[in-house]
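My questions will all concern the structure given below.
We just call them A, B and C in the order they show up, numbering each chain from 1.
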Amino acid sequence: MELKVALDTMWVLVTAMLVFFMNLGFAMVEAGFARMKNCVNILSKNFIVFAVSSLGFLALGWGLMFGDGNAFVGLKGLFFAGGLDNSPATGLAYQGVYSAISWTGVPLWAKFFFQLVFCGTAATIVSGVVAERIKYKSFIFFTFIMTMFIYPVIGHWIWGGGWLAQKGMFDFAGSTVVHSVGGWAALSGVLILGPRFGKYHNGNINPIPGHNLSLATLGTFVLWFGWFGFNPGSTMAADPLAISHIAVTTNTAAAAAVMSSTIISWMLLGKPDLGMTLNGCLAGLVAITAPCAFVSVGSSILIGLIAGILVVLAVIGFDRIRIDDPVGALSVHLVNGIFGTLCIGIFAQDKITGVATGNGLLFGGGTKLLLAQFTGVVSTAAYTFIVSLLTWAVLKATLGIRVSLQEEIEGLDIGEHGNSAYPEFLGRKPAYSFLGTKNG
Amino acid sequence: MELKVALDTMWVLVTAMLVFFMNLGFAMVEAGFARMKNCVNILSKNFIVFAVSSLGFLALGWGLMFGDGNAFVGLKGLFFAGGLDNSPATGLAYQGVYSAISWTGVPLWAKFFFQLVFCGTAATIVSGVVAERIKYKSFIFFTFIMTMFIYPVIGHWIWGGGWLAQKGMFDFAGSTVVHSVGGWAALSGVLILGPRFGKYHNGNINPIPGHNLSLATLGTFVLWFGWFGFNPGSTMAADPLAISHIAVTTNTAAAAAVMSSTIISWMLLGKPDLGMTLNGCLAGLVAITAPCAFVSVGSSILIGLIAGILVVLAVIGFDRIRIDDPVGALSVHLVNGIFGTLCIGIFAQDKITGVATGNGLLFGGGTKLLLAQFTGVVSTAAYTFIVSLLTWAVLKATLGIRVSLQEEIEGLDIGEHGNSAYPEFLGRKPAYSFLGTKNG
Amino acid sequence: MELKVALDTMWVLVTAMLVFFMNLGFAMVEAGFARMKNCVNILSKNFIVFAVSSLGFLALGWGLMFGDGNAFVGLKGLFFAGGLDNSPATGLAYQGVYSAISWTGVPLWAKFFFQLVFCGTAATIVSGVVAERIKYKSFIFFTFIMTMFIYPVIGHWIWGGGWLAQKGMFDFAGSTVVHSVGGWAALSGVLILGPRFGKYHNGNINPIPGHNLSLATLGTFVLWFGWFGFNPGSTMAADPLAISHIAVTTNTAAAAAVMSSTIISWMLLGKPDLGMTLNGCLAGLVAITAPCAFVSVGSSILIGLIAGILVVLAVIGFDRIRIDDPVGALSVHLVNGIFGTLCIGIFAQDKITGVATGNGLLFGGGTKLLLAQFTGVVSTAAYTFIVSLLTWAVLKATLGIRVSLQEEIEGLDIGEHGNSAYPEFLGRKPAYSFLGTKNG
């Protein structure tokens, strides 16, 4: 018994470390897809976001998410994970205020660390979408709110024994809890912020290429690697059959999405676009996150193929409706977070790893499961979007959320940080040709 | 018993993740050693190669490699790893069609995932050698053939209970199965492709320096790190004495090779060349891959020292015979893959981790083992080289395998992908001074 | 029992791999914080340093550190870890010459590998401080001395059962053994080397910005990630409560230090400096290294907050006294290595993970523990500083330790390696404006 606790703890910690490492992946993807003049700002945001999350989730987030309470929010052991708890005891032997997560037999701090890195992921998703025009200070404040009041509430609903869990909605590793929550928070921010200067000018959509595809590729590899912590680790126990199955569904969906996003972009754009391939990979990973434990390897191929197509269409679509997402994070995390959550209702099979989700639409389960999933998607959207929108609005009215036009044109690195990422490399002056003679 | 399965599964999955991460290492080494104008193309190839491998090895490769069959190829459970299998049962308790790998007590998908990442490594080795002139589409097709028909057959011979295994040939973690197979496939490609434009002009050997040694160094560190999954993980069980021993022989050989390649390049070239140091490290790692479990730590020093010298001489030698390998992968993976395989015949000692390989030449075993190893090297060369050559030839006659001269001069990034890796950084125009006045 | 050995061995090896990976972190941080013209040199130093450490620590370091001997040095089993040893036997069952580390039940080579990566960390700390002017050859020689004669002796005093261990001094994961030892060795080198050309000219302190903050950020993330091996791994056993606790104190201290260093630099410098944020993170990690297992999560916040402030003040302070440390490593590793060691004497609580350190000053233990810690700090300083200074002096008198002024101005990449890290990127000519008309 004692050995099993040690084994499970090792699994939980090692996979949590991999998820932590995804912070590097996000930083490099977002920096690579953005312009040189905003690079220090992006690196700074992506670095500090996990520090803020660590403090915010410790101070309050954990308690709201996993503390015993009502169907909507935790009420006990709220602050600094300081409630009574006799982990690693489980089941009937468990005594404490964090009952919703007492099914896993590891120490409290292992549970906390694992859940923290998921919270941090949701928070870091926001940073890419609002990049290249948000004020550093306001992003830091938003992250505190996000990790203390937004993420933990949805988390309570789904993973903390709240009303969506009771309704039979499933989200194995967080397509909704992590990815769509990040996506909705980001979308609300973008609607208040508006597009970057020059992106949509005189009715044109001006592509703004990223400054470093080597970094973007590096980041995507790191994320793919980290996802082997994200999904298989979400067993929170070293269950051999489950973790092996999940490793393979996760990888296969990613592979299929890489192929379909590459092929579809090749067909639509004439050439195989590396950015689309990379975002395709991430889309497949996001989509398989919710269903990874409940679907067959065969289904994971299909899920990946669809995800890769969805992300390409979404990137093009968001641009059409003038929603400016510099790194494609809405298409990856929001669109495919929703899609992946619904996939449980479509592809789930009870027999896969023995979790009784009920069968999905394609496997004779009717629409019951799909409806529960849909309820989860809609309610998450409503809460996250509204609270985030309010938060951004308050920040706009107080600190301000957007840098000045001049600072945006000159780059946030100088304006916000007094710094340059590559002071010795010579760069091209960004051309604002659509502005006519106003620029040199 | 159940705990042992969980423990071994965790070991197999965690080390497989590390091997997966080597894809990043290869991508960064190859991108760093190539020119800026081909960077997107190299990143694209190194990224998609693992997606293709994932699908190809799942669809057929696994079955051909590990399915029960004859001495040359698997015949049962060929498609999508779908054969009967009651893993994690082992030995007499095993019932299924993948008997050759029933010695390890982990679930089927854990076995699959671990073997997949090795297949992916063999495939990614090819990409560096053919870099800077191959068509993207043809590389993708070749990778499918490689992971479905080439790698799995050699794998069956040596790890799938085939005729080389029966002959007493050993290859612990894949100096032959992975590295020389990748090397021979690449060599055949290079012979059909020919050298890059400008590399050998008017009888001169023109050095073409890579564009980013920071990335190349990063990649080599990632590969060194990943190799701690590659070699110790190949126990496919958390056997404490074996995995500790292998971690140290692996690291020591790498360290010795770093020193010898640095010193020999210092002596031959006048200065310690970083590229040689990095490739020296990889050479030591490749060489110790086959014998890591069968040789002493003392022998691993010697193996590393020789590998580091071999790689420097091979890089110089391949250039002399006009075989243009932009990243030195033939010298690393082919030459040292062969050397490492033979090292078992020279340095193996039965007593090391209890595997009865027989002793090598230097430890009183005579030439018996060395001959078996030699047979493995030669037969692998024959099959891999011939089938690869045929594949490349067919691709050349159909899709074409080489980009146009103009595209090669302008860079494959624009031609193949319509993209640039660093659109904002100003770069030098590549000088083709040997062309006289034809270039600006 | 056998399973426990396997489990603990897996933990020790996996965490050791993470610590190995920190070599990449140091390489990227140091390369990023230095100038483009010295990049190949820095990458070369940071790459070869672990190879040298691997050979030096194997040849002699391990034996001096853990061999049975007197209070000052090991005397048995000195060479190539070749002494008698029946690991994984522990306690009374242990028979061998490495008694001081017989408390952990893993094979000898697992112990060796884990200790080796710590030795390598101490050695690599030196490289950043002496960067941009040291001769490559002399750095290699110093590293041999460091890993054979300097690090192992302090290691013996504290972790090898030597006189400081007997005095009741504690250093859980190496704030002193690794970080201050690296710091003192570096400081002695810097005092003999002097500042970089142009750094302090005509009484001014000229900032010399690093060439690539993307790499520096990447490196810091890798180090943060690796620290989850460094600290939790130092249990050298998969003790669930201890490793979970340590993961959280480690992360929380880092997070707090990120916040405090960012805020204090914002206040002092007017803008939030990314370099300060990154070094703040490392400072928090160094400071929590010694006390991570002995202090509460609450205390870890405080320790981190102070560390983040200390590092900013130290960076400014070292510049004021004309000690030129290009990457801030003295402020990170030396200053916070000392601070972290003293933190045990201030914040330790016996109850945390059951190790009887005695309570620190703030928890009713009086000054006893703090005095023992102080003794450790001072004696480590004396031995390391003096022996290092002598070593540097001998190297200066023989090989020379500083490149010529011309080579320094042109960059060490050409001078030492005949190479350039980014041969295709156009760079700014470094301006030496303070030299008047002597430069173009």
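In this section, a contact is a pair of C-beta atoms (placed from the backbone, for glycine too) under 8 Å apart; a residue touches a chain by one contact, two chains touch by 3 or more.
Being a predicted model, the structure only gives us computed values, none of them experimental.
After Cα superposition, the angle needed to carry chain A onto chain C is 120 degrees, rounded to a multiple of 5. Counting the residue numbers that touch the partner chain, chain B and chain C have less than half of them in common. Look at where the CA atoms of chain B average out and do the same for chain C: the two points lie 34 Å apart. Residue positions 3, 7, 10, 14, 212, 218, 422, 425-426 of chain B each touch two or more of the other chains.
Those residues of chain A whose C-beta lies close enough to touch chain B in the complex are 3-4, 7, 10-11, 14, 18, 35-36, 209-214, 217-218, 220-222, 224-225, 228, 232, 238-241, 243-245, 247-248, 251-252, 254-256, 258-259, 262, 269-275, 277-278, 281, 297-298, 301, 422, 425-428, 430. For chain A in complex with chain C, the touching residues are 3, 5-7, 9-10, 13-14, 16-17, 20-21, 23-24, 27-28, 31, 39-40, 43-44, 46-48, 50-52, 54-55, 58, 80-81, 88, 106-110, 112-113, 116, 136, 212, 215, 218, 416-426.
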